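Chains here go by letter, A, B, C, D and E, matching the order in which they are written, and residues are numbered from 1 within each.
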Amino acid sequence: MNDSTNTNPLTRMRGGYTSFSDSIHDRWATAPRWARWVVYLLLIVLAIALPADGIGSFMSPYTDWPTLLFFPIGGYILLAIGLNVVVGQAGMLDLGYVAFFAIGGYGMAVFGTKYGWSFWEILVVGVLLSALSGILLGAPTLRLRGDYLAIVTLGFGEIVRKTANNWNYIGGPNGIGGIPHPPTLTEWTIPDNGLFDAIGIGGVQPFKYGALDGKPYYYLMLVLIILAIVFVKRLEASRVGRAWASIREDEDAAELMGVPTFKFKLAAFAIGAAIGGAGGVMYASQAVSIIPTNFPFILSATILAAVVLGGSGNLPGVILGAFLVAWIPERIRGLQEYRVLVFGAVLVILMIFRPEGLLPSRRRKAELAEGEGGMGSMGAEVGGPVTVGAGEGVE
Amino acid sequence: MSETAAVPAEKKAGVPTLELRGITMRFGGVVAINDLNLTINEGEIFALIGPNGAGKTTVFNVVTGVYQPTEGQVVFQDSRIDGKKRFQVTKRGVARTFQNVRLFHNMSAMENVLVGADAHHRTGLAGAALGLPWHRREERDGRAKARELMEFVGIGHRMEETAKNLPYGDQRRLEIARALATDPKLLLLDEPAAGMNPTEKEELQGLIKRIRDTGRTVLLIEHDMSLIMGISDRIAVLDFGQKIAEGLPAEIQNNQRVIEAYLGVPADAS
Amino acid sequence: MNNLFSQFWPYTIDGLSLGAIYALVALGYTMVYGVLRLINFAHSEIFMIGTFAALGTLHLIGMPANVGGFALVGLVLLLAVAGGVASGGSAVILEYVAYRPLRRRGASRLAALISAIGASLFLQQLFARLVIPKAFGLPKEKGALPVQGHFAHKSDVIHIGSFELSNDKLIVIVGAVLMMIALDMFVNRTKLGRGIRATAQDPETAVLMGVNIDRIVTATFALGGAMAGVAAALYMLRFEETRFDVGFLLGIKAFTAAVLGGIGNLRGALVGGIVLGLIEMYGAAVFGSQWQDVVAFSVLVLVLMFRPTGLLGESLQQARA
Amino acid sequence: MRSRLIKVVGVVAASATLALGASACGGKSKSGGGDTVTIGFMGDLTGENSGLVIPPKQGAQLAIDQYNATNPKVKITLKTYDSQGKGEQAVPLAKQAITKDKIAALIGPTFSGESAQADPVLEEGKVPNISSSATNAALATHGWKFWHRVIGNDNVQGTGIGEFISNSLKAKKVFVINDSSEYGKPLAETVKATVTKGGAQTSEDAIDVQASDYGATVNKVKAFAPDAIFFGGYYAQGGKLIKQLREGGVKARFLSGDGSLDKGLAQGAGGTNADGSVIGCPCLIDPSGTASAASKKFAVDYKAKFNADPAIYSAEGYDAATAYIEAIKAGNTTPEKINDYLSTIDKPGVSKEIKFSSTGEPTATDVYVYQVKGDQLPLLGNAKNATVK
Amino acid sequence: MLLEIKDIHVHYGKIAALKGVSVEVDEGEIVTLIGANGAGKTTTLKTISGLRPLTRGQILFGGKDISKVPGHKRVLMGIGQSPEGRGIFPGMTVVENLSMGAYARRDEADKDLAEVYELFPRLAERKNQAGGTMSGGEQQMLAIGRALMTKPKVLLLDEPSMGLAPKLIQQIFEIITEINRRGTTVLLVEQNAQQALQVAHRAYVLETGKVVKSAEASALLDDPQVRAAYLGGGAEAAAGPGD
């Protein structure tokens, strides 16, 4: 391109990053099946080795790394995968996602402490319960247009939290304590030999769920995350995913092409809710005690930030986003009271730097670049000659 | 005018496919359609013409369930479809295109058509998530059907392209292919020739006829008189929400009311 | 329920004065939404800045005490100017830093929303950690606590049976209504106002009319911010204290009010604010204060179910034909 | 034991330097065997409630510095963990403290909510912990062996204040308000139950911590026309509540619990609105040292070191640290041994007798009442026998 | 030369919408751009009025390079446009819509308003009606009238006949001729090539973002290629409903 407006270093950096991520995209798209499986396998091995002390001392010098990996990191990732179904796939803005996390958490707490059910039973029930609550919330409200839905979901999140706070049966503001851990499956210990030590998991009891060791929880979360990914990925490539995409792009046209949009939106909401609920069950059983203030609005906002920051609609992006959003504030613990300040600034800067997210999917990138994609662009945007819009032409 | 535009020899005995019975549509105080009766027979190409704002697109919206008529009934193949949801109407066999192309712009052409084909698929969440054989068969069949339809409308060579990157004429065709994928018995085309050059219009004319020849009924809105006159079996003219004329093309062309309200004095045109 | 009947007037007046503040803050959301289709999440912090500007002004003039009567009206006027300027100014800066670059890149509203959330966190923390401790000479850890400035002498202006109207509530209600009328006239009668409406309805055509969109956006943020600043001054009169996160809940409520009335609709903001204020008070009277938010949000959901675009519908941009 | 305290008078100034030296080498030596034992302090050190956490931290720091200044064989390092008062942050910090930092004991977590989440970790990690300010009664019901506190729980406090309202104030109509928090609500409920038992008529309402306008609550209070109002909650809301109550024309006496024991209450209420309000606390704040000689000495030392009067929970922080110091002095340096020692300790502290019941609760049940005067909160006395002028 | 467009390139994302379009418009002319949908006609107009950024090329207006001048300033310089789809402000009355046309001007616009009312008596009748509730033809008149209120040296008209009944199309083209006769230069983009070529002096044919032909309008009317591609196979088809 000959235009001279784009020679500033920031734009060039941005361009460089874009072409880099695009080339990875392309490689991946054309990679043979076996190569992909090798990558998947490597990723899983990496994930298994992740809680190792060696990694932890760098990643998290101030606080317990395996626990961080379980929550917030793993928890945020799971929640972001769930919210991504709602926001990224179906294009509905949900500002009250934390409600489902709370419902899962309280489900675990109530069934675990009052009825003595085991974690595994509650996991199933909690997921169903959250999905049901998603349907109950969604049924009357999903007809609302984007921003109205946003405020209604926000309100729902607040209603759930306040109700929990005012309902004595579930402990009111005291919440519920003494929530059981998952029953230990086996005391089996990973042998302390060279190979396992090398990846830092020698001597771990991966199926023994206590209060102190965060690793077994992390592995449990990992399994859940992988299941969620497979589930969501398969939906994405099916009729369901196509229906979501069509709804996001033009809901009316979709409906007129025979897509029962309401049903699919509701399904997206329910799936998002179910995944959020699973996260809640996991969290509560690890935390032993939950109180309503564990489920504030800011958590909804944070998960949404994770989804958008990573690249709404694209799973690897969303996972990356969730990881960063969960990890950065912990890593910069050294900044003490300034870390939220820095975190806020980082959010703004990252969005300015890359409004389409760090790893957007191709399609979503196009949508977001043009301000379509479910929520549309800001109103008063008119490309003018003084804008950097010209740069878009050649990236 | 093209030579192929002859009126089909055997006129169907007139089995009605779509009937509008006393349709009135009011928005607030504005009457968009007033007591409209219309019968469209199986296998016909039926055109709806009239000045802008006459209520033509509103008719489409009433038929496809976008609006519920204030009064009257919409009967499709002997059962009422007013009051049905839009996707249910589509499943019954009514599909449409739009005045301004409304594709899913960022999806590929193939995916656009697949969305249409999905209208009759049954895969639910579980089927898709578990990759059940049923689901895989549907996907395969859907793709085959989509491929076939894209060949049929003449964009077989652009199946994997993103919809918005297609030339405008191809986007119009893709929209038709997407509508056909829902397997309609009645196809509603809203100004399909808008924005096409004469060559493209001629091809479109052929395409509409071929669609009719596959046994479907076509209802279209169009401003291009040569196209209308070339392919329509019957024409109805709307003005201010009322039907002011209905008949064979030749009758319409010479109808005094139609000329006054819509066509204008012929002398002006040249 | 008994409470509501025996104390009907106090609840109503409290609801009105609370609703008036909601309404003023809601204007900022609604104007920015009308023009940019953006939920300006950081608007709550714009309000917060207004409260601190008012408080800072009180400190500057030596923290008067027990001001009553017309002197109080004058003082509130001064605070409103200070709050309006500070909030309006910071809203403009906010737009310039956090939204304009995104706008230039044609980014999605979702991205802008996240930027807004980031800006909101940043501003809150900036005040809690740096500005408040510095400005009021507090130890660092006290920045997160409420800061007070007592200046008003509050007394009842009207007292008939259970109908008691105190001077501060009267000023709040009257002040808010006056501001709303002024803004409504501004938007409907002036050239800049016409530019704002045109941009809201069709930005591209507005450019073709010679409207400078950037200037309109700046004006929108300045006006919306100024309204929040005035609301902040009235808030300070009512409650005489503020803190770094004072805007959080109030902002959510104001946004709710904007949606309730019909977002993008200036008069809707007034209606939504007043209705929300009253619902909260009546709801608290009937179900207990701890349920007032639940009642408010439930009513919102109910209203939207039957009127999907709010009580008055959207009007700043109208349905795009 | 008073003699030990007297011995360290005068070395306060030197202690800070020594503490620094201790912490420098503290990281290297393992607790248990080496010269240094690390004790953790966990709580909201930078968040909005840090005003309630920094005083006990300083109290603990004072005790440890004084101890280290005596040049003992085993020195103590205090390591702080900023949980921001949030359970989800306290849990990984607690694990880090146990597995990486190998702390021998912990003071904190300071709040009840975070305690409920972090204490099970400490329990399994077998690290003794003493909270200086987590007063939620339910914490003692889990059968934790390593958990302790040096402050009376909310039932103790609520009963104490409730009896004060019934016996000393002789209030017949009491309006009880809580802030819907895990602290305020149970406290308010206990007070309500106690005054009801004392024959008073009650009504109640709850406020939202983040709300600004308590008009609805004020109107309810007005309708009820009580003799006394009890508020279970923190001073930030308490001050605002007093202000709005007074503006609404409610003149009844205002009472509250330890969460409101801060001069912020009077500041928030504005002018003289809060004057005469009575605040109860199972804690002792005694800057003028009228309660006891130990208390007086503590006040002097504290002022000398931090250039501030002892504030809320300062004495409790000091006492919690003292408990550990005693254990270490007795030669216990491993977590479990320290914990064993705690079950036997019985030693007068600054705020109360340092002695734990089998559940980890302090055996002393003293509740003190303070009365707002200007923005000061002079000690009125023990709730059992104090009277209001 | 009043308006000179030199080899402009415009991109939407990665897609090139214009790949080197050059157009010249002289004072007093009616110049028309014809071509199929998607050929780049509308983009050309939008680029001239500054709604789309250039990636390459130059736009000269009155000899001055305006490529970097923001859109709202170009209006003041004398480039007025009636946009595709009319762009009526639906919530504003007819008068308000018209006064939006004079938004950027600092001089009195009463005279121009009177002139617009004279050209479009229909608008005068409907002064206080909301723009959104008017019929298509009326909206088109309003859009043109509003563009005239900017007092343009060159008036850009984007598909003024779109969606109008054949009867109304006649009327609109008559008004365009009249506007030009009164001294305003017109750059007209039309789908309806037949009509456009009849009123225009010169014309450019656009295909997929490029100018493929330019000539006197009357010459193009007789050009066999143009006839085949844009005017239909035979004269009778082009003559519209008369056949």
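To be clear about the criterion, contacts are C-beta pairs under 8 Å (C-beta built on N, C-alpha and C of every residue); 3 or more make two chains touch, one makes a residue touch a chain.
Remember, it's a predicted structure, so these values are computed and weren't measured experimentally.
No other pair of chains shares as many C-beta contacts as A-C.
A centroid comparison over C-alpha atoms places D as the chain most distant from subunit E.
Chain geometry summary: the mean Cα position of subunit B and that of subunit E are 31 Å apart. Taking each chain's centre as the mean of its C-alpha atoms, subunit D lies 78 Å from subunit E. Centre-to-centre separation between subunit C and subunit D, using Cα means, comes to 38 Å.
The geometric centre of subunit C is 44 Å away from that of subunit E, both derived from CA atoms. Shared contact sites, meaning residues of subunit C that touch two or more other chains, fall at 141, 204, 206-207, 213, 290, 293, 317.
Residue positions of subunit A touching 2 or more other chains, listed in rising order: 165-166, 337, 366-367, 369-370, 372-373, 382-384, 387, 389, 392. Among all residues of subunit D, those that touch two or more other chains are 46, 180, 206. Subunit C makes touch with subunit E in their complex at residues 191, 194-195, 197-198, 201-202, 204-213, 315-321. Residue ranges of subunit A in contact with subunit B, taken from their complex: 231, 234-235, 238-243, 245-246, 249-250, 252-261, 267, 271, 363-364, 366-367, 372-373. If you check the complex, the residues on subunit C that touch subunit A are 33-39, 97-99, 101-115, 117-126, 129, 140-141, 199-200, 203-204, 206-207, 213, 216-217, 252, 255-256, 259, 263, 290-291, 293-294, 297-298, 300-301, 304-305, 308-310, 317.
Within the complex, the subunit A residues that touch subunit C are 87, 93, 140-141, 143-145, 147-148, 150-152, 154-156, 158-159, 162-163, 165-166, 297, 301, 304-305, 308-309, 312, 337-338, 340-341, 343-348, 351-352, 355-357, 367-384, 387-389, 392. The residues of subunit E lying in touch with subunit C in their complex are 49-51, 70-73, 75-76, 80-81, 83, 87-92, 96, 99-101, 103-105, 131-132, 146-147, 150.
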